[in-house]
Each structure stands twice: as C-alpha cells, then as structure tokens.
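What follows is a pair of complexes built around chain A, which joins chain B in one and chain C in the other.
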Partner chain A sequence: MPRPGFVLDVDRSTPPTLFWRGEGFSLERLPADRSRIIYPPEPLAGLDNLDGHIRDALLNPLDMDPLPELLKPDMKLTICFDDASLSLPKMQRPDNRQRIIEAVLDMAAEAGVDDVHIIAALGLHRRMHEYELRHVLGDRIVDAFLPKGYLYQHDAEDPDNLAVIGHTDEGEILEINKRAAESDLVVYANVNQVAMDGGWKSLTTGLASYRCLSVHHNPASLQNTRSLMDRHHSALHKSIWRMGKLLRDSGPKVFQVETTINTEAFPAPFEFLAKREWEWTAKDRSLFLASSKSLNKLPNRTKRKIFHNIEAPYRTTSVHAGFTETVHEKTLENVYKQHIVEVEGQTDILTMGIPFISPYNPESIMNPILVMCMGLGYLFNMYRGKPLVREGGVVIMTHPTYEEFHPVHHPSYIDFFDEVLADTTDPAEMSTKWEKKYAEDEWYRHLYRTSYAYHGVHPFYAWYWGAHGQQHAGKVIIVGGYAAAVRKLGFTPASTMNDALEIASDTVGRSPTISHLHVPGVLVADVK
Partner chain B sequence: MVGRTTRTYIRRAQRPHGTSATIATAQRAAGAVEGAVRTVAKPLAKYGFPYRRPAAPRGVVVPREPDTLGGAYDTEWARRPVARAVRGFILEAPMRVAVKTIASPTVSGLDRLSDLLRTDDGERPAPVIFAPNHHSHIDTGVMIRSIPAAWRRELIVGAAADYFFDARWKAALSALALNAIPIDREATSRSTFDRLRDLIADGHSLIIYPEGGRSPDGWGQDFKGGAAYLSMRTGAPIIPVHIDGTGEIFGKGASKLSPGRTSVVFGTPLTVDDAENTRRFNERIEAAVTRLGDETLTDWWTATRNAAQGRSPSLSGPDHNGWRRQWTLGEKRRLSTAGIRRRRSRRWPDLG
Partner chain C sequence: MKALQIKRNVGKFGAARMLGAMSPAGAAKVGPLEFRSIDDPECPGDGWHRVRTRLAGICGSDLSLVAGQASTYFDDWVSFPFVPGHEVVGELMDDDHADMAAGTRIVLEPVLGHAARGADLPFDGAHPADGDDYAHLAVTSPQGVEPAIQTGFCCSTGGGWAPWFWAHESQLHALADNAVDFPDERAVLIEPFAGGIHAALLAAPPLADVDQPVVAIIGAGTMGLAAVAGLRRYVPGVRIVVGARYPHQRALAQSFGADVVVPAAEIDRAVRREVGCHMLGNGESGPLSGGAHVTIDAVGSDASLADSLRITKPRGRVVLLGMPARVDLDLTGLWHREIELKGAYTYGTETLADGTTTSTFALAIDTVTALHAEQLVSATYPLLDHVDAIEHAATAGRRGSVKIAFDLRDHA
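For the complex of A and B:
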C-alpha cells in the first residue's frame, strides 16, 4: 500500500534534503523549527493487463457509444496524440499512446476503415524527431503510416490545412487542423501526467493555430490562472473549455482516451531520488555520492545525455475513454489521488530544486527561460487553493542557469534572451511590444515548419507561464545560477542556500517560514 | 654457389612425385596404424570375456536393453550447473557470433512482451511458450539469440526425437548446446507431456515449432496442436513468432550455408479463452503467426486490415502443386527479408 504524501516539520534531527540542480543534485539543510518539507505521495499501484483495460475502455466508453459502433468503412478517421512534451522523463516502451492507437487501429481494421490519418498534436512545440515518434508510437505504426504520409505532425502555420470551427460566446476564435475538423471521428490518445493536461486542452491547443492559441496563451489569462493544476480556477482552462463547448456543438465528433500514470519516474540507479532522505540505505547514499560527485566533473553535454536517456518505469493507474469532459473528470480524480498533499497555510519562502527537464526541452537544453518557466510556471503552480508562498514572499530555486541554448530546438529563445529580456521582463509589456514580431518572423516560421524548432512565439508563452508566480512573489532567488543570466531573468543570484536565505531576509524578515517542494516526484499542494 | 644449386636440383629429382606416389605414402601410413592397433588389441582378444563383450549362448534370448535414445533420452544432466555454465558460454560467445554472421536477424515486436517481462522485485518473468514457424535448423539459433535474456537463461527447445536424439553424440550435443528435449513428432506421449509440464512448472520457457518440422518446400505447414495443448494445460501464454529468411540461408535439403538477412517478429502473447478447445486455440496461434508473416512482408496496418478481413496470405501457400507453387513462392521471396538482401547485393545500378 503506497504511503500518502505528508508535510515534515524540519527540526535539528532532520537530515539535509535533496534539491535538484539541473543535471545534478545537492543536499541542503533548511532552518530548523520554521521550515517544512512537502513530500509527494508514493507511486500508486499500476493496472495489470493494461492492453485489456484499454480495450475495455474503448468498448465501454463514458457518455459515448462503443468505439466499434462509431467506426464505418467509408469514414474519415483521425487519430491524434500528445507530443514529446509528455511524459517527463519519457516512459519506457511501449508508450501508452502506442497501446491506445494500436487498439483503436485494430478496431478500425475490423470495421474496414481505410481513410486513417495519425497526427502529432504538438501545437506550437517543435516537431518530433523520427526516433521520438518511434518511441511514442512504436515501430509498427511508424513503419506503416509514416512512409505513406498518413502519419504527420500538426502545422499551426499552414493556412491550407487549418479550418475555423467558429467563435465562442466571448468571441474567441477556434481554428484547428483541417483534417481533424473535416473528420467523421477524431480519437485523441493522451498521457496525463499532471492535472493541467488533458480534457479539451489536448485538442484545442494541440491542433490549434497561433491566432487560436494566442486567445488564452497571454499574460492576462495566465495571471488569472490560480492555478494551472486547478482547471476550475484557471482562466486559461475556462477559455479552453469554452472552445471545447464550441467544438462539441460545431466540430467533429471527438472520442477522448486518457490515461494517468503514477510517479515512478526514475529507474535504477536513480531510484533513491524519489525516496525520503532518512530512508536512504547505505547503497542509496553511495549512489548519491557517486553520482553527484561524478556528475559535477562531467561536461554539461554528457550530463544531459545521461539524464535524457532515462526511461521512466511509470505504471498506468487509470484508462478512460469517451466524451471528453466526462473522461477528464475521471482522469482528474485519478491524477489528484496520486498528487494531492494537504498543507496548512502559506509560508514566507518557497524553495524548490529545478530539474534537468521541463515540457519544452525533451532531448534538449534547459535554457534560462525554461528555468523560469519550470520554477514559476510549473512548480509554483503545483497548488490548489492558495500558493504555498504568501503574496510578496520569496521563491528560491536551485539551478546552474547556464547561458546555453539548443540552436535547433530553441532559435527564437536565443533572440528572446538577448533582445526582449534586455528590454523588459514584464509579460504584459513584452506581449504588446515584442510578441508580434517574433510570432510573425518568417525565419522562425520556416524553422518551426520544416526543422525541429519551437515556434517563434514560444519563448513568450514560456515566460507568460510564469506570469502568475512572477506577479505573486516579492523576490525570486536562484542558488548556484550563472549570475549574469539570473540577473537578466530579473532574479537575484546567490551562491549558497544560506546566502539566499540571507538575501531573502530583506523581503521577509529574519525568521521567515519556509516550504520546500520535494521534487521528484510530483505533488499538488492542497493549501487550506 | 653453383654447387649448391646443383645439389638442390638433385634432391628434388630424387623425391617421389605425382598422385600415385602420394597414395602409396598414405597406404604405407595406414598400414602402420593398422599394425599398431592390432598389436594393442591383441592382448584383449587373448583375454576375452570379461574384457570383451560375451557371446550369447545358443538358444538363449537376450532381453533388449531399455531404449535410452529418441524420446527416452534423459536430458536432466543438461540442466545441472556445469552444463548450464558451458551452455551459457556457448550461447553468449560462439552462437552469438555465428547467428550474427550467418543470419544477421532484425528483431521486432519485443515491446509486445514488455508486460510479461516486467516483474516486481527483479523476479524471473513467468514461463512462456514460443511458437515460431520453422524453415531451417538455424531457426533455433536465431530464436535463442532473439529471445530476451530474462527468458533465454531458462529456455528449453523442443527438438524432434527421431532426428536430434537418434544417436548418442547428437543427443548429447543438442541437450548441452541448446538445452533441447526430445519431442515425438508423430504422437506426443504422456511422458513427454508430463516432462514439459514439469519443466514449465520449474520456470523454464519453451520453444516449440508447431509445424512439427522444417518446411519441405519453402512454404509453411499446418500447425499441430502440441503447443496449444501444453499452454492450455499449464497456463503458460503462447508467444507467436514469425521467422523470415532462414529458409534461404539453410533450408531443408541445403548442403551449404548462404549467409543472409533474417527477421524475427514477436507477436502479442496469447492465452486460451474460456470457451476454446485445443483445436480452436491452435487455429488462433496459426492465424497469429500468419498475420506476423504478413506484417513482415507488408506493414503492421496492412497486415491488421488483411487479418480483420480474413485476407492474410496463408503461410502454407496456395493449394495448387508443382511449379505454380514454387512460382508463387518466388513472388513471396521478392518481398521477404531474403529479397531485401538480394536487392542490396546488386553490383550495377538499376538503369531501368
């Protein structure tokens, strides 16, 4: 029976706690008697016979007819799937998306459906490399569909292959992939790692155009998103749900398949990362010492190679299929069952270790903008109710924040860092002053469409993701970060955790209370 | 200098030369060996019984010794630690190199086995029965090297009792190198079944060729029910496997190896349904291997659609006999893994 998450009050006997530092980690001692560490729940047990559960979900969907009854020989069937931004780290093969799509195609074959397209719903993310497609979909699907052109990736900048479904009551445009819009049935294969994902967001962002995404991916929406993990209090999700309603009424029939995974993210020899420090065995301690010392000696490139090669032994905890909204409610129940930790009240300081990966750098470099996005966008938003840190409090992150960018994946991030951040770090100001220039830049557009680059506007979205955290926190400190890069982000650099606490005292006084978000695994603090 | 050259010439001239001289030398050597053997054996002949086999008295019927070959060959010794260690070396060193060199297999479909391979606390995965099609003696080597290591260590190969266990040396070699156990091709005896069941209960996985023997003409044969029956009785899932290309490398009747490329495709594990008898289950296994064969020639989606519409090309080929059967086989080979090899080996560009 996995143990639930809990809050540990730090005293003098508490061992130092683990902090991620990008492609490495460290142990930090937090001040006794005024610090607390929030530990995530242990991974839930997975489903046995997952393929059987998937088939069962397709045959007994929620609020829809069984999938075989929706499949007709002369129909247009489009299958969409989440891109490489899920899961993190990537899951061991076979990926859930492969299992779902193979099960759907088995049924489509039995029904005699010939016209099948498979589309990677990547929104404005970079296109997936073929090896990533093979990892996510398996060789069988890729070999059968890719050479014939029936497996491809959504292009949000292809005017010939976009179709406007309509406008919501609030005037928001819904423009999605034309093939999906004209299909008799769209099946969406999803892997749900956090509560932010899934539901209508899968299709209305994954297959959307830039002008459709910009409706809700903007500073105003994201500053009113409290939080990204609580869709009922998220302006972003409310906008997306309005689009979902429009899609339901005027768009193609959507058959959503969602799976939830547990938090078993690290195989041997990194299993100790998910353990509570006082339960580390001699072997765990040896592995920590050996890996942290040797990682410190390695060049960044090698470290990244090691970490991005990790394949997580996740187990799937639930599978639901059918009408998107009903399915997503069930998904959220299961996600929260894995992630929720009840926490009493806010503190003056929130500390967090920033890992080597974020949704926007699979197989890539965690550049400074993504450090901000991961810290203030994702980890800060891991709450329901109130943020873990009080308004005007301090957020302390640990990350090397090197000024390194992946030239193929993140070309517009480089210019954003040099040009936009030199001018302003205010999301609203950069939105009005700079966003259009980057979004409509022909070279970025070309790289997004033909190479493996994120869309030109993507660094803005990554920045907006942290807009709520940026607005809420009085100061943000990065421990161990490259000082010039940290200052450019508008944050304060510190060499050690003690220095950071000293710097924070200017804002929150000499004896602030501290919350530490223990990563990995994943948790959502239900702050009362 | 001159004198030395002359001496060399003379020595060469004095040598016996030509074929007849070589034969004469060989005959002399053979005679010497024969004489030596006779000299050694003579004392034993002199001493007679019990140093030599006794002659049976006239009128007495000597009872036959129990048969210890064929299906009765006891392979228990081959699963003891020393034999396991030797086999471990054989599989990981010479067999690995030989399979790579001769067959160069491309293995796919292992992801279909991931649920069976994934066990808690590092336990051994549950035993399974691999049911591949069979074209060549090298199928076994290719299979052993393609099967995931977690099963390979405890793998047993069902081998034809009348072929691999008809002589003591062959039986010993098969048992040691392949961990083979004899299976009667014509009728599976109770004792063979009991032995296989006990081995599965002990955690061993099996390779059984449901066709019962190698393809005689390049096309497959109907599946016999042994594997299905064993799976029903033991609960071990059947893993259908399709091997392609081995028939072209060393098919039945071939006298020499023609190294080439092969492919091995593992299918989704099958277990017997509640309302299924052996015959139905066997048909399902055959259909699964047939579908994998189609997948090898085309792609997964085409094979899936063909299977759903009952159009998968039969493994056993067309019904007609004679040259038309071979002709159709040629068409199949052009698409198969062996065909890829031939196309790649073209020396001149195809100018149309």
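For the complex of A and C:
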C-alpha cells in the first residue's frame, strides 16, 4: 500500500534534503524548527493488463457511444496525440499513446474506416523527431502511416490547413487544424501527468493556431490563474473550457481517451531520488555520492545525454474514454489521488530544486528562460487553494542557470534572452512591446514549420507561465546559478543555500518559515 | 633627443612577430621599437615647423608595427629609421608660422600629402589625404622628405613618440588656447575620430533611398566608437547595431548613439532581428539571408571580416576600417552576395548628406567636443615606460581601457 504524501517538520536530527540542480543534485540542510519538507505520495499501484483496460474504456466510454459504433466505413477519422512534452521523463516503451492508437486503429480497421490521419498535437511546440515519433507511437504505426503522409505534425502556421470553428460567448476565436475540424470523429490519445493537462486543453491548444492560443496564453490570463493545477481557479482553463463548449456545439465529434500515470519516474540507479532521505540505505547513499561526484566531472552535454536517455518505469493508474469533460473529471480524480498532499498554511520562503527537464526541453537544454518557467511556472503552481509561500515571500531555487541554448530547438529563446530580457522582465510590457515581432518573425516561422524549433512566440509563453509566481513572490533567488544569467531573469544569485537564506532575510526577516517542495516526484500541495 | 624609434632590422621584426601574439610586452622588449638617443631631424625646408609633443596616442597600426605584424605592402611607403606617433597633439615651438604663434596648441593631420611634398594639389582646397594617385608618398620630395604615408612612418620628419618633430603647415590644425576648455586628452582623439567618421561617411552612399537602413559595426575600440559617433551625427536616419567584446565598450557605444549594442558574438542575431531575415544553418553562426545594408569592420581580423560577409546583405557594402594586414578569408560570401568591400583609410574632404563639403578633421573636432571624447583616454605613460604602454594598449579592451597615449608634457 503506497504511503500518502507527508509534511516533515525539520528538526536537528533531520538529514540534509535532496535538491535538484539541473543535471545534478545536492543535499541541503534546512534550518531546524521552522522548515518543513513536503514529500509527495508514493507511486500508486498501476493497472495490470493495460491493453485490456484501454479496450474496455473504448468499448464502455463515459457519456458517449462505444467507439465501434462511432466508426463508419466512409468517415474521416483523425487521431491526435500528445507530443514529446509528455511524459517527463519519457516513459518506457510501449507508450500509452501507442497502446491507445493501436487499439483505435484495430477497431477502425474492423469497421472498414480507411480515411485515417494521425496528428501530433504539438501546438506551438517543436516538431517531434522521427525517433521520438517511433518512441511514442511504435514502429508499426510510424511505418504504416508516416511514409504515406497520414502521420504528421500539426502546423499552427499553415493557413491552408486551419479552420475557424467560431467564437465563444466572450469573443474568443477557436481556430484549429482543418483536418480535425472537418473530421467525422476526432480521437484524442492523452497521457496525463499533471492536473493542468488533458480535458479540452488537449485539443484546443494542441491543434490550435497562434491567434487562438494567444487568447489565453497571455499575461492577463496567467496572472489570474490560481493555479495551473486547479482548473476551477484558472483563467487559462476557463477560457479553454469556453472553447471546449464551442467545440462540443460546433466542432467535430471528439472522443477523448485519457490515461493517468503514477510518479515512478526513475529507474535504477536513480531510484534514490524519489526516496525520503532518512530512509536512504547505505546503497542509496553510495549511489548518491557516486552519481553526484561522477556527474560533477562530466561536461553538460554528456550529463544531458545521460538524463534524457532515462526511460521512466511509470505505471498507468487509470484509463477513461468518451466525452471530454466527463473523462477529464475522472482523470483529475486519479491525478489528485496521486499528487495531493494536505498542507497547513503558507510559509515565508519556498525552496525547490529545478531538474534537468521541463515540458519544453525534451532531448534539449534547460535554458535560463525554462528555469524561470519551471520554477515560477510549474513548481510554484503545484498547489490548490493558496501558494505554499505567502504573498511577498521569497522563492529559492537551485539550478546552474547556464547561458546555454539549443540553437535548433530554441532559436527565438536566444533572441528573447538577449533582446527582450535586456529590456524588460515584465510580462505585460514584453507582451505589448515585443510579442508580435517574435510571433510574426519569418525565420522563426520557417524553423517552426520545417525544422525542430519552438514557435517564435514560445519563450513569451514560457515566461508568462511564471507570471503568477513572479507577481506573487517578493524576491526570487537562484542558488548556484550563473550570476549574469540569473540577474538577467530579474532574480538574485546566491552561492549557497545559507547565502540565499541570508539574502532572503532582507525580505522576510531573520527567522522565516520555510517550505521545501520535494522534487522528485510530483505533488500538488492542498494548502489550507 | 631621447625618443622611441623603429629601425629596419629583420631579426628584431621576426622576434617581435614570434612573441607578439603571446606577449605584447615581450614584443615591445625584443622588437624593433627602441628608446634611444637620436639625432635631431633636420628641417625639411620652407613651410615646416617644429612641434613639441604633448600627447601622442598609440594606434592599432602602431601596435602592428611593434609586434612585427605590419604588412609588407607598406615597405615602399615608409622610410627607416622612423619615430612612430601620428595621433598627436602638440604645440608650435618657434615663432616662424605666419598665422600661429609659438606655443599655439595644434593637432596634427599626419598624412604627408601633396602640399607637404611640394606636389600639385589634386584639386583646389584638397586636404592632405585627398587624391587618387599615391606616387607623391612613395618618392623623396624635392625638399628631401623621404617616402612615407604619414608622419610617424617617415625618417625625415620625426614623429609623435619623441619630444618634438617637424610638421608641415598643411598638417597643422590650431586648437583653442584654453587647454581646460579643450583638453589635450580630447585633442589626441581627433585623428582617430577623423578615421572613424570617414568610415561612417563611406557607409552613407549605399543607404541613400533605403527605408530603415541598418549599419552594423564590428568592434568598439576607439575606431569603432568613432564610427558610431560619425554615423549618428552625419548619416541621418540610420539604425546602428554594434557588436563589442567588452562591457565598457558596449556602454560607450550606447552613449555615442548606437541603437542596439550586443556582445560581439551576438551581432549576427542582433542584425537578423533588426532586418527580419533568416539565419541559415542550424542557428549557429550561419550566414544571414539578408543583413545589414552596410557593415563597418573596425577590427580587421580574419574572424571580423568573415562575420562582416555573413551579416551584410547581398549587394551591401563592407567598410574595412580596422587595418587588416594578412588574413585568411573565404571570399565565397563576398562573391555570392556581390558585396562591395570598401577600404577606409584616413580622411580628407567629405560631402555630407545636405551636399555641403568639409574636411573630416573639422567634423572630428566638432565630434570629440560634443562627446567629451577625453573620457576615452584611459591612461598615459612617459616614453620611458613604453613597454608598459604598449602592453596596455594591446590589451586595452580586456583591461577596461580604450585609448592609451604617451604624455610628454613634462618635457616642456
């Protein structure tokens, strides 16, 4: 029986706590008697016979007819799937998306459907490399569909292949992939790792155009998203759900298949990362020492290769299919069951270790903008109710924050860092002053469409993702970061955790209370 | 008198060349530059006046010479042994000038032009560097002035790295009497600023009728900064993008009027952002599909020239301001993009945007005054400490400096 999440009050006997530092980690000792460490629940048990559960979900969907009854020989069927931003790290093969799509294709074949397209719903993310498609979909699907052009990636900048579904009651445009819009049935294959994802967000962002995404991917929405993991208090999700209603009423029929996975993210020899430190065995301590010392001696490129090659032994905890909203409610129940930790009250400081990966750098570099996005966007938002840190408090992160960028994946990030952040770190100001130029830059557009680059506007979105955290925190400190880069982000560099706490005392006094968000795994703090 | 002098000595040039790349100070110690007693140069004739040096700057071309890196191209355009120093502010020593009394502070226009050599002017009102035939520079003048492009490379005249030298009246520009209002440190920058402004004005013709012209400047040492100032003051409506290696250079470029200033390695991206073109390759150091309308290369190295050809638009112009000597360069880009490579040596008579003509030196005097260019003089040294001075000048950027000069005012 997996143990639930846990809040440990730090005392003098508490061993040092693990912090991610990009492609490495450190142990930090937090002040006794005023610090607490929030540990995630242990990984939930997975489903046995996953393929059977998927088939069962397709045959017994929620609030929709069974999939075989929706499949007709002369229909247009479009299958969409989450891109490489899920899961993190990537799951061991076969990926859930492969399992789902193979099951759907089997049923489609039985029904005589021959007009089938498979589309990677990547929104404004970079296109997936073929080896990533093979990892997610398996060789059988790729070999059957890719050469014939029936497996491809959504292009948010292809005006000929976008269609306007309409406008919501609040005037928000919904413009999505034309093939999907004109299909008789769209099946969406999802892997749900956090509560932010899934639901109407899958299709209305994954298949959307820039102008459609910009309706809710903006500073105003993100600053009023409290939090990204709580869709009922998220301006972003409210906008998306309005689009979902429009899609339901005026768009193609959507058959949503969502799966949830547990938090078993690291295979041997990195299993110790998810353990509670006081339960580390001698072997765990040896592995920690050996791996951290070895990693310290390796160049960044090699370290990245090691970490990005990790394939997570996740277990799937639920599968639901059918009407998007009903399915997603079930999904959220399961996601929260895995992630929720009840926490009493806020503290003056929130500490967090920033890992080597975020949704926007699979197989890539965690550049400084993504450090901000991961810290103030994702990890800060791992709450329901209230943030873990009080308004005006201090967020302390640990990460090397090197000034390194992947030139193929993140070309506009480089310019954003050099040009936009040199001018302003204010989301609203950069949105007004700079966003259009980047969104409409022909070179970025070309690279997004033909190479493996994130859309030109994407660094803005990554920055907006942290807008709520940025607005909420009185100060942000990065421990161990390259000072010039940290300052450019608008944050304060510190050499050690003790230095960071000393710097923080200017904002929160000499004896602040501290929460440490233990990563890995994944948790959502339900702050009362 | 005791002066710094360079003799033709193949061994010393070779030693300096070997050491120069590693140690500018080492090159200064073993190379051809020596601090020694020299015979006073004889008066070349009528129209020549003795000038007492007050400040004499150290220029990139001086450093090339001292480090044995100068091109053999100039072999017939210098005369050994010579006293270097062509960025000079001084004062007339004698009362033998019709319009200037002894003690008048002057700045030297160092080119030994037609008037200084007794040759016919190429046109009425020509300035020393004007003209389309350099024959007069390569022959001994009727007055006996040996071949040399400028004072500072001529055995007959002496140069600024000595307590005094001979200057022709065509080379003299009188300065305001009051050294407080117009300090020597400002005056010593007139000559390099004239060079930078000349380069800026050479950038102007291709920009005519261009909507939103963009000029990139690679390098922000003294010459690059002067080019920034020249563009901002005399080429209206241009967007100036500067790539500079050091933070203090970037701050100065910004204060002199550059619109966008970035670290040197980022200039390709900065230019791309300005003009909105593509960058080819994998996003790292590939050529731009378009580019700056004009690039001013104020470095003159293999790398800066290669960058210039990458970031200048097809059928654009590269103005070569930094003295290049021998470079290893792939010219495919120049050929393919039909780029015009334009040298920018010294100064002369300039035509401004409004059609008026003037001398570059007059523009430079206005410019150094407007910018309080004395802020660029980072350190001065006595001649005796020439090794330290040379080392400082050769490493000025990384030491947070811009212009290094010899200070001979205590010789007065």
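Throughout what follows, the second predicted complex is superposed on the first by the 528 of 528 C-alpha atoms of A that agree within 3 Å, B and C clash if a C-alpha of one lies under 4 Å from a C-alpha of the other, contacts with A are read in each partner's own complex, and residues count from 1 in each chain.
Just so it is clear, a contact is a pair of C-beta atoms (placed from the backbone, for glycine too) under 8 Å apart; a residue touches a chain by one contact, two chains touch by 3 or more.
The structure presented is a predicted model; accordingly, all values stated were derived computationally and were not measured.
Bringing the complexes onto one copy of chain A puts chain B beside chain C with no clash. Residue contacts after overlaying the shared chain place A:411 against chain C, while chain B stays out of touching range. Judged by the touch definition given at the top, the superposed model places A:295 against neither chain B nor chain C. Contacts of A:441 after superposition on the shared chain: chain C is touched, whereas chain B is not. Contact with neither chain B nor chain C is seen for A:7 once the two complexes are overlaid on the shared chain.
By the touch criterion stated above, A:428 is placed in contact with neither chain B nor chain C.
Seen from the Cα centre of chain A, chain B and chain C lie 110° apart once the structures are superposed, a value rounded to the nearest 10. Set side by side, chain B and chain C differ in how many residues of chain A they touch, and the one touching more is B. Superposition on chain A leaves chain B and chain C with their closest Cα atoms 32 Å from each other. Judged by the document's definition of touching, no chain A residue lies at the interface with chain B and also at the interface with chain C.
Every residue of chain A that touches chain C in the complex is listed here, in rising order: 407-408, 411, 414-415, 418-419, 441-443, 446-447, 453. Remark: chain B residues 108-109, 111-112, 114-115, 118, 268, 295, 299-302, 304-305, 307-309 touch chain A in the complex.
By the touch criterion stated above, chain A contacts chain B in their complex at residues 48-51, 92-94, 98, 105-106, 109-110, 112, 114, 116, 138-141, 143-145, 313.
If you check the complex, the residues on chain C that touch chain A are 262, 266, 269-270, 272-273, 276-279, 282-284, 289.
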